[in-house]
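First comes the structure, then the notes that go with it.
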């Protein structure tokens, strides 16, 4: 199994979620995060005090999937989250050893 | 003096000395005691067109014989005018609205989230504290006749407000009950110390705040209010201050500057992000200040008449002009017209028109607003960073500078056709400007010196500032055990 | 009675019985019908110093012959005083401001995020609902002459406000148009039910709320308002209640307690974190309550005169004293002066001074504030936890207890030099205290019994409470389909 | 006309043409120049019961001989009534409160977080801008006598408010100083453009906004205000509009619709989540609109008398009825009574009762509210989605439709027993309804055409709309360089 | 060592934290997240505009533990976070290579 | 490649970010989290109801890096985030299998 973390632009969330649902992914978890990268932030000025805000609002999607569909998942995210503009984000994949569904106690593939 | 005060590198000793000197100088200039408080601006009105103005004194005179034996020197028999009273009851509510929730929100919206409750609570606590102090002794010190010391301070005739009977008025305003006059003035005494809190936002201990404000009210506000409104020596000198530009704003601004200098900068000032957490609160606050200021300025006519009307119109016009003026200057220099800039400009305009509201005509008000917006922009955005003091929310930059600008411009734009009591440079009386500056110097110096002494006394006893850890954790949690979730 | 009511273990049956008994006892005591409503506190004013007080009746008498044929028993010809009318128009706006947005924010800021909109919406919906009910029949029941049943309830002379012509006044206030009197009283009828919502915050169905409030207004508020202000039996007994301490606050507080007992505790009470989400809203709310209360108390003079003036001064002083008093007690017991404490103290002071505002002098007001702040602290912080009922936002702790304290202290501090209609223990009339307690008992008992019956009727028909799931998800989403993002 | 205007598919050219035609038609119908502005609704009052109404003219007459030489054609000598003046000073403050912070919050709470500051700032900036424009020339154009062009527009007698002396009144309101009248009217001129901003929320450039509002005030608002209140041709036609249903609400609503059509939909409209960020702000805003509207409607009596009283009562009742009406209709159709629905209903009621407040009795007001709530629900929820324009915050749906409904219903429910100047269909004067519709058509057409022309001029010069990127990033950051944290 | 991520219902947080503390876990990190899964969201309507909100508020707990106690930790979370209703959440386990305690520089097991 | 997660004190964020940038790290993702550990929380009291808040505001930094610089990154974070006071936080390192840059489709080292 794989634990896939994707950082994407906030307004792409719905598209990505729909793409993944279409693939058969039944669950995912979303976090509001702030990203630092090539995409520039903005400046705010308050009575002459200037603040450079280097961080840009991003959405982090975490989704655990069976290894078989990991590639399809990555591809779908890549396709759906792409705007072609700087700041589109990244996908990170780590190996996932074990999964439990709390309600039923099911584990691993059954729990996804 | 003003420029001296703004110089953070000026040694404190020099400041104290200058103050002491100015005070000494002032004393002989005011050696005409027993002056009845007849010419205080607050009562001024063009006598002719207001028919009710003629009647009350007559009635008052008729009633006085019976009531006279029990009246204190500052009091008069009540010659009730219901319309005037209705407006003054309303004005009192409006001025209270300025502090809570107006100023509380204006300031709270500009600080970081961890200090928002505590900042708003400072205005709220000051409201409660000053109310009680004013009822016990503050009103008496400011507005009764001090007898031998009348030039400098009132007496104790209204200690605990005793003697403020149902048929009594203050001689400054005989058409309304003294209870209304007292409460109206109370709301001024409330907002003045609350304004100061902007200068030391985010770092004073709540306990120190309460003690500081208690001392400051009695030792700074009450005397200065007495000099200007209570029949003290500044009245006699011909200083024009319609609704409290000097007593309230200059005074609070100077005190704020001294606080900022004595307390020092916030931890992280200049390096950490201290962006205002929620300017929408500040916008609500500034809006309520604007609306409430109608009570402050038009209420200072102490009547519902043409003087109140022109004061309201002038207030509205100067405020709008200053908001636009700050906005335009900022747009030019910073490329964007910030919301905080518009709000700040509006408040600067309100401050600057305060001494002028009942003396100038609408075009005078327009000029005052345009000038004040631009100058206060310079004060809050440029001067502060130039000189390096941390007047966190620009109590000095807006109220001190705006108060001084307004006082001087009152000396420029006052017209005797608006108010027979005052005429300024454009009315052919260029000397008024000097009188206005003199007023600023005396009140500013006294305020600076005494504020400094109070702060020092507290600093070396209970301490003024929270610890660095507390400051980092925020005042909400450390001072009040609460926070915004 | 009060201590009985606060005991959650008291069986409901006993409560109902006590109420029934007290009521029966009350009936003979009030067998003087047709008493004209002349001595209602709202109209009281020291006749001497107010010159306009003398004129209107005269004019009224002069005008009456022509208008008399069409006037209802409660009405009089209008003897317009523009100043009084100006103040009453303003007061009406101020009292409306107390409920929306004042109370809406005060309560909303104290609940969890998921219930903030719904909580504020309760005050808003009640404002709309009560306005319509009041116009249709509520005003008529409370303020017209009920003929044979006049001791207990008014009649239908103003059903749909018919007959409220342009030249008519209510006989309680002949210097203002009846339309103004009616609307002013409407704002009182609005805030009273809205206050109750604090007791059952976070758990009542919105549909049940609307039905409960409809019944409660007509069956509890209108009768009690009639007894105290409309010429009913409590007027004749000499109970002093200047601006509605009993009709509004005690009444709402007792009803709140009964609601809290009948509805039961919130899910998770005592185990989950129910910390207020955003006390800054509560601070705005408390501030607007404070400012608006000038309309409530000073407006209850129904004139712009010295009585209004002293009521305003007293309101300000008692409120401030109570805020400081709660703050100090909390500082001693909990080590920190919380912002919510200051706000709660201020509201407690406002409540307690309500019956007293036009009867006591400022030092009386100071004492009332100091005492009420401390006692309500005990009520909200100690008694509630001791007895274990979940009065979520302390409707009973602040309004019930504060209302009772204020009523009793009015009996202590009333001075005939302030208002010829009332004198209390310090004025040599110790018997007034018993009258005040009697008033509390009668109104409180009636309110408790009828509130309980209404709740029971609803509980076993449409149900009062949302489901546990809905409560956990929050009222915003489940009752209104919206939320704060 | 109204239905034409709401049709987004209607070609703009047709719209312009229709407007031009209607205008041409209107011109001959109004060829009675020099009509003195005696019958403007704002001054109407039942003469009999108000004793003070008799006195002032007498005094005025007595004073006039001396003052007459300098008076402009629209002016009169001031016959000060302190009570009336007190109420008008208060009303001015109340109407200002409607815009800042009332409307600012009402709108700000309904947009997405990224636009909240900018949305509130639009109301604030308009307040400043219009104040200055009004003082310079707006008031003069609307309220002075235009001489030969008097039917269409005023003159320059009060350019820079010169001549507005301390003893002068406007002839529409001789019991209050002209300064008060001018400022009161200013607050109406402020809120009208601010209302329009709801239609194009989230997408107009701030610079374009300032230019658009400047042009709109001078080219649309001032003429229409002159036609209805300043002695222009609509007065003579007998159109009833007590407090500005047509001048303010219909006018703003139509302008909003044109803006929504010209600017086009928001990026993401219909696909992205545009849920209001924080309806608690909207609730505060709606509440302050409600409270402030007492100044708007009861203040339009320009006196503290029975007309003001009935206007206040009617305002309260219609608003409440409309809030309940919208709530019930929504409950039926959408299964839940939303908070935003109650607020919207209340505002719809306020709008609809505006032209009627001083002409109908409380049961008329009740009907107006019930009808307006339901119809505006249809406008904002159904019509808009049906026709597909993006009137973001329903400026047209609530103010345009509500204004039209109110104007027509005024023609139905006006009673001469309330106000001798107007009677409607239920009073036997069915023809009034047509006059009302005629008024709507003329003002609406003129407004639509000129608004369209102004927008076109700006669109092809500086541009109206922010770029798509800016719109996505939000107006707070892109227009003002700030945001809510 | 294992890095355990659990998605749970917000009102279960305190119970879970207490359960883990009892097991000897000395630290953990909590994030407010939004979950998409079998549990349905809600609808909001504003003046006729309807928004389906598919995401449900959840709490994410991240806790690094020694491999020895990983199973006990998983079991405890499962037990404490269970309400038996849909939406109880999942537990994900990934291998943890290295840990550092910033204050002291201690590493791995010592740093936990 | 390594996926490094660091929990630090909020006011250290800027220093850490600058340190990492100096090392050549071009992107990172930041989340506001609440930490439970040795550092104590605070108590809040509202009208006598007392709430112990056991969680302390923290910042979580997630950064994916090439294995070569992982040690340098860890060292830099340790150095920059250290205040020496309890609550300075932890660093967790897990193996990272795969990375994709959404905008370009680049993978692994190229995507960092």
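Residue numbering begins at 1 within each chain, and the chains themselves are lettered A, B, C, D, E and F in the order written.
One rule holds in what follows: a contact is a pair of C-beta atoms (placed from the backbone, for glycine too) under 8 Å apart; a residue touches a chain by one contact, two chains touch by 3 or more.
From a predicted model like this one, the values you see are computed outputs, not experimental measurements.
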Contact-graph separation of chain D and chain E, given in steps at minimum: 1
Higher C-beta contact count, B-F or C-F? C-F
Just give me the whole-number Å value for how far the CA centre of chain C lies from that of chain E. 49
Distance in whole angstrom between the CA centres of chain E and chain F is 17
Distance-wise, how many Å sit between the C-alpha centres of chain B and chain D, to the nearest whole number? 35
Just give me the whole-number Å value for how far the CA centre of chain A lies from that of chain B. 55
So which bits of chain C are touching at least two other chains? 81-84, 86-87, 90, 275-276, 284, 304, 334, 336, 338, 340, 481-482
Where chain F touches two or more other chains, by residue: 31, 44-46, 94-95
According to the definition of touch, which chains form touching pairs? A-B, A-D, A-E, A-F, B-C, B-D, B-F, C-D, C-E, C-F, D-E, E-F
Contacts from chain E onto chain D in the complex sit at residues 44-49, 51
Over in the complex, which chain B residues touch chain A? Could you list them? 110, 273-276, 334, 336, 338, 340-341, 344, 380-382, 384-385, 394, 397
Residues of chain F touching chain E in their complex? 2, 5-8, 31-38, 54-55, 58, 60, 74, 77-78, 81-95
Quick check on the complex: what are the chain B residues that touch chain F? 268, 272, 472-473, 477, 481-483
Would you tell me which residues of chain B are touching chain C in their complex? 59, 78, 80-87, 89-90, 92-93, 96-97, 100-101, 104-105, 108, 116-118, 120-121, 124-125, 127-132, 135, 160-162, 164-167, 176-180, 182-183, 186, 206, 281, 284, 304, 476, 479-482, 484-485
